[in-house]
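Note that subunit A is present in both complexes that follow, paired respectively with subunit B and with subunit C.
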Partner chain A sequence: MGIGPGGSVLVLAQRRAGGGLCRSSGALLTLARRLGAPVGVLCGPPEGDAASLGRYGAATVYTVADSRRHPTGVAVEALAVLARRLAPAAILIAAGREGQEVAARVAVRLDSGIVTDAVDIRPGPDGPVAVQCVLDRSYRVESSVVRGVPVFTVATRSVAAREAPVDPVVRRLAVRPAAGVREVRRIAPVGAPAPRRPDLATAAVVVAGGRGVGSRDSFRLVDQVAEALGGAVGGSHTATQLGWCSPEAQVDVVGRVVHPRLYLALGISGSVRHRAGMRAAATIVAIDRDPAAPIFAVADLGVVGDLHEVVPELLAEIRRRRTTDGVNGTFGGAA
Partner chain B sequence: MIVRLVLGLTITAVAFALAGRRVWMLYRLGRTAQPVEPGRTRDVPARAWAVLTEVFGQRKLLRWSLPGAAHFAVFWGFVILGATIVEGFGALFQRDFHIPLIGTDAWLGFLEDLFIVAVLVGLAVFAALRLLQNPARTGRRSRFFGSHLGAAWLVLFMIFNVMWTLLLYRGAQVNTGNFPFPHGAFASHAVARLLRPAGRTAGDVLETVGILGSLGVVLAFLVLVVYSKHLHIFLAPFNVALARRPRALGPLLPVYSGGNPVDFEDPTEDDKIGRGAIEDFTWKGMLDFATCTECGRCQSQCPAWNTEKPLSPKLLIMNLRDHALAKAPYLLAANDEVRETLPDDVRAEAQRPLVGAVEAGGVIDPDVLWSCVTCGACVEQCPVDIEHVDHIVDMRRYQVLIESQFPKEAHTMLRNLERAGDPWGRGAAARTEWMAGLPFEVPVLAGGERLPEDVEYLFWVGCAGALDDNAKRTSRAVAELLHEAGVRYMVLGGAETCTGDPARRLGQELLFQELAAQNVKTLDDAGARKIVVTCAHCFNALGNEYPQLGGVYEVVHHTQLLARLVGEGRLTPVHEVDAAVTYHDPCYLGRHNRVFSPPREVLGGVPGLRLTEMPRNRETSFCCGAGGARMWMEESIGTRINETRTDEALATGAEVVAAACPYCIVMLTDGVSTRKQQGRAAEQVRVADISDLLLRSVRGPGDGAAGAASTVDKPIVD
Partner chain C sequence: MERRLGVRVVVLVKHVPCAAGAPGHAGFAADLRLDRAGRPGQLNEADEFAVDQALRVALRRRDVQITAVTMGPVRAVEALRRALVLGADQAVHLLDDRLRGCDALATSRVLAAAVTRLGFDLVLCGTASADSGMSVVPAMVAERLGVPVLCDADALTVRESTVEIHRDDGAGPEALAADLPAVVSVTGRCGEPRYPRLAATLEARYRPVRTWTLGDLGIDPAEVGRERSATVVRTVTPRRDGGTRVLVDGDPTSVAIRLADFLAERQFL
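Now for the complex of A and B:
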């Protein structure tokens, strides 16, 4: 298909579970503005969110109604229809479970190339260039799609959302997915259970406490930080030995070996047995009272201080920022 | 006379038939087992000496004074009173039979009577001990917990019967004038005086009743012996004679199958790796199980048993014995058709997995198997030289190499050993970190080079010594002390890889062989002759196990070298270290390798140190809990071994707990930190290696040479 004449860029918007748009949508639109004229695609009610997309520069917004029963099917169909109609320069979707599925199906529909988990996209001579960080962030790979409409899923956490307010034109789009697609339908929503802590083995964020935490009561701080960051709770062998956290949470050579993107070590001096369990973390942040603690030799960022003072401040800041950003989104609108 | 002869010979024949049948079955059962590994008959003089001291001298039994003395009496009673059995049988044929030449000497009569009395006293002591330590009352703390108590009382009762019928017979013989000893046999004559009022006829009857009763009891006892744990009286001398010499401690044996070493690079299909079924044990193993006396001395010393874990070395051996006996009909059956006709319970027994949970019918529960720290306290105590540790590791070998069933916590350690050559996966490049900041250059041998002629020692730093923050202190202290003493040494740096000890103790023999072969090549290429180590496990592996792979070196522990340097005046500990100290004997330095004095000599050379020994020290030292690869497993059953040992150390009032192995230092440091957290230890208590204390004394406090251990005392405990 090649680069569209209008130079538009389709952006699939995501909603937060409680309502309102995800931060990721703003980030995607920010990227889209580099490549062309952003066109927002919003599935499901309420349509009022369309105006929010205008804050980030979406001059046109297509709203697609009635997607509750086929949340991904409708999104795929809408993007495919719009792609054929508008011949955009690219389609941007936030990386995530639903996003990857929608992007993959759209790419197959359009017989297009797809690049997933991009951390950045910039315009290039032959079309948009997507940047990925691979192999434990040791390599940057830059790719551009040579066939069809480039489909990109973006790890929006690494993209800053910048506003560029416009008044969007809102158009309604009616789509009816094919019969086969309609066979897969959402039957009934099950009330979201209390947010389940991610499993230590696969969590992207691990918050661990050690001897420095001091007591089982103080260990609640660790729980709170983990919850605030949507991460899993871990403990050094002292913490589990003294009963401050469960034995399954022990991070060390005889316990769990974790590979998170972020490892936050609170009150852990960083003995070799503990390091054997978390060495593979992408980013290590440590808070400990002892400046000579070996953990600081492996930490990317270290805070020397009393964690009982530092952590409450950290918590407050995290909570403050979370009220302004979305974290996990959905396409299907309010369920 | 004819009556007594016929009766006597008849009961003898019956008893021998019954006993013989049983012995024949036991012999055939032993034959279904694997051939024994080579070396069991090597070094006959050492074996003869062992039999002399341990069997006839009752050396190991006498370590526990009271039961030992009582057993000495009963054992020698049986030996000496063998003479009375000869006399008894002789009297069936000739009423006044006496042993030729010496048979009427007063000393013999006295000796026999003395031992009859001694045995009776011994029995009283045994009975009292069994009553005082009745497990029904004291539970797990009693060494008899789990032993077959009824059978034990029956044995004591039968020995008692042997004695009193013997006395009865002898007393009656005195009165009928047929007694061989006119003088000396004080007890028999005393009994005779008691019986005399009964009159001459009664005396004759009593004599006949006495001899038949005495012989009958002895023969009945013979049958009981071959059907009970008392079989040890015949088996123990053989078990001692064939035991590993000098002891079943120190190096583990390589894997043998069918009496031949298994080549792990090219094993055959029929090779039996470890022990997966009872018949996989060697016949020496079966002999071990059959010799067990259920005395429980091993159980009483076991660190696992003493911390509420299900492992008791005694119960382990008993379970294997009972399983072997129960499975015997199956193993001895001529073919499968015969096996089909065996009773259900025998066939069910044959289906039981050797290692498995109770629900699966396992003979040995996995928790039992994996709780072992291979400290060897059981082997040390066993009066009949049973080799518990070898059997446990052999069962582990099968579980690891064939079934791949072992505590999953150890996976990370094994993976790290395979990939990075150390248990924490830090890799070769990290092995030089410990040298940073020392006030001198630690000489590192370049790759591919040989040690220069004038370099006396290769300092093998070990994984902990290079990578564990608490153990690095020891390496630095030793480096500094050697430098101070002018000892020429070099280290291998990144060319070192784990000796393989944890892999071997876990049962991963294949990985051990790979690591060991690699190290032997490195050491031989470097031309290493004398090696000094700071880790007791490296000490054992390099010195005792590497010869199995062709690597023969003179390996010395750092405490031995330091003691020698102090003795020679090359190190002068002049500064006072004012502290109450206690010393923890590492199992692999002390019990396994008999190095007890050098660390104490070093401590003794430091002015100001006041040493108080823990109750369990030297050969009876209580493990820190890290051996047997347990350092790399979680301790989730019962109480913690390291905390138990820490409490014992703290109870001596020591401010410094001295040790000589990084495993012990890590475990005790952990224990002390926990006790401090719980308010049960004073803040100033610390754990230190011997070299640390010596360095302080050599350098003095607040020294200018900031590099080494001295002032920075904070242990790294997460």
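Now for the complex of A and C:
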């Protein structure tokens, strides 16, 4: 797909905590090329990142001096200023907590329509059309923006980044820092280690085991995965009844209802009561021997197999990635 | 306490269709809006957490007034009743036929107007609603009010003139602070709401629920509603496969690598 129907498309590049650019930036630029000429917006010191954006077709890159003290304010200012200056065909931002906040505030500033968590974007007869999967992903909805510069947040997971190298023109953009009263201060650094094993009800990651774990000894595998992911340990009704884990760790309507970002179910078939206790998890991964287990109906990723074989391999793989400092998932390696 | 008026906490809540049963229950109406008619509703679960957090602020300092605000049809008052049972002192229902079909921009405009009229030191809300899940309204309200926003708080501490939160959005845990007044959205990880006492349930019936219309808020009806929506839905198609759920099997090593890739992609590794 060549250069689309003209106009520029603003793409907010996202940085990874460890440095370098997020994989999502390449995917966003790939989508942006369908709509027009992509313009990258980079907050913070440019380093080599402007060139990385060029690799995916950003002919122009605006760099904005970032203040770490207001994580999103600078991005909002920059996008609002550039949107007024360039009148772009669309603004693309990676979905996620920070992206959602920036997009929401930019939409209010510009009084523009916003579509969140798009899985695909394509040009339409009257402006870009965004595709969303809603209501537990059971419906596919196509919508377009009829007022202002369309603001889209994109779930880039399903978008493959394709390279289209250009040599970007890098421009500096000075934005006025947000007024002092609206300042958000970071009081502890990103990446600070979690103080201790989190409490089950408030944990961001929960690893739970059920009857399929097989024995109290094997339940150590559940502990080890929780340790590796910095999560809390949970257990199904059966696991707690058999004494494999403490009764406080029971995840279901009678025990704890959990709301983690990741729920990893090991050897849990997924009874109605159990599913009621963990449905709210943002991402659900299940490992079980029975391909017909009801847990797979709610799992984003289901692994059919013996957890006693898969989990040690998973632990080894996690260790391997930690020690080689993850080549996978970086900006360059993902294309 | 030094503050003349104490801490005024406004909790934004939403009445959503019950999640009971399979998601297949929900569907779209002929005008491509979510069909909420005929479905029992309840207070959005994430908002229950927000009301409870407001109550925790009130336990730490006595001069706190908690107001629950919702925008929605007549039935949405059920959500306010629930919020009152959970501990809100009073409630405001933004009820107007012309508000039907509001998009996020218009919703945030109406909510911001109501919050301004009430006066506030802290606005609390749930991170996302169960039925639409846009999760942009908190940030939009803050932008309109001209105050800082702290989204997705896993823990919340209100001090004399600042609010501090902890959150973990995948990039690692971080702690943030902002001066009051501010908007904070809380996740389901901030702690299970306490079960209300029977006395609170009975007493809640006598707490006031006010009803405000667009006129009370001073908003031009042309600024809100379905006609003013900045987005239009072109098509809605049911998906048979139920989305991107993947089932993998095979030899343990390749499965484990696949699993690690999945976790790394979502920043859990």
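As a convention for this text, the second predicted complex is superposed on the first by the 185 of 335 C-alpha atoms of A that agree within 3 Å, B and C clash if a C-alpha of one lies under 4 Å from a C-alpha of the other, contacts with A are read in each partner's own complex, and residues count from 1 in each chain.
Everything below uses one rule, namely that a contact is a pair of C-beta atoms (placed from the backbone, for glycine too) under 8 Å apart; a residue touches a chain by one contact, two chains touch by 3 or more.
Here the structure is a predicted model, which means the values were calculated and not measured.
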Q. Looking at the overlay, what does A:257 touch: subunit B (first), subunit C (second), both, or neither?
A. both
Q.
With both complexes overlaid on chain A, does A:158 touch subunit B (first), subunit C (second), both or neither?
A. second
Subunit A contact check, subunit B vs subunit C, more residues touched by chain C
Q | Which of subunit B and subunit C A:168 touches, first, second, both or neither | A | neither
- Message: Quick one: is A:26 in contact with subunit B, with subunit C, with both, or with neither? Answer first, second, both or neither.
- Response: neither
Which partner chains sit in contact with A:40 here, subunit B, subunit C, both or neither? Use first/second/both/neither. neither
Residues on subunit A touched by both subunit B and subunit C 257, 279
Per the touch rule, the subunit A residues reaching subunit C in their complex are 16-17, 23, 71, 96-98, 100-101, 103-105, 107-109, 111-117, 124, 129, 133-148, 157-158, 181-192, 194, 201-205, 229, 256-257, 259-262, 279-280, 283, 285, 287, 291, 296-297, 299-306, 309-310, 313-314, 316-318, 321-322, 326, 328-329
Per the touch rule, the subunit B residues reaching subunit A in their complex are 409-410, 412-413, 416, 423-426, 467-470, 632-634, 636, 640, 670, 673-674, 677, 712, 714, 716-718
Subunit A partner, complex, touching residues on subunit C are 19, 23-24, 26, 28, 34, 45, 103-105, 108, 132-140, 142-144, 146-152, 154-155, 164, 167-179, 187-192, 229-239, 242-250, 252-253, 255-266, 268-269
The answer for subunit A against subunit B in the complex is residues 210-211, 236-239, 241-242, 247, 250, 252-255, 257, 268-277, 279, 290, 292-294
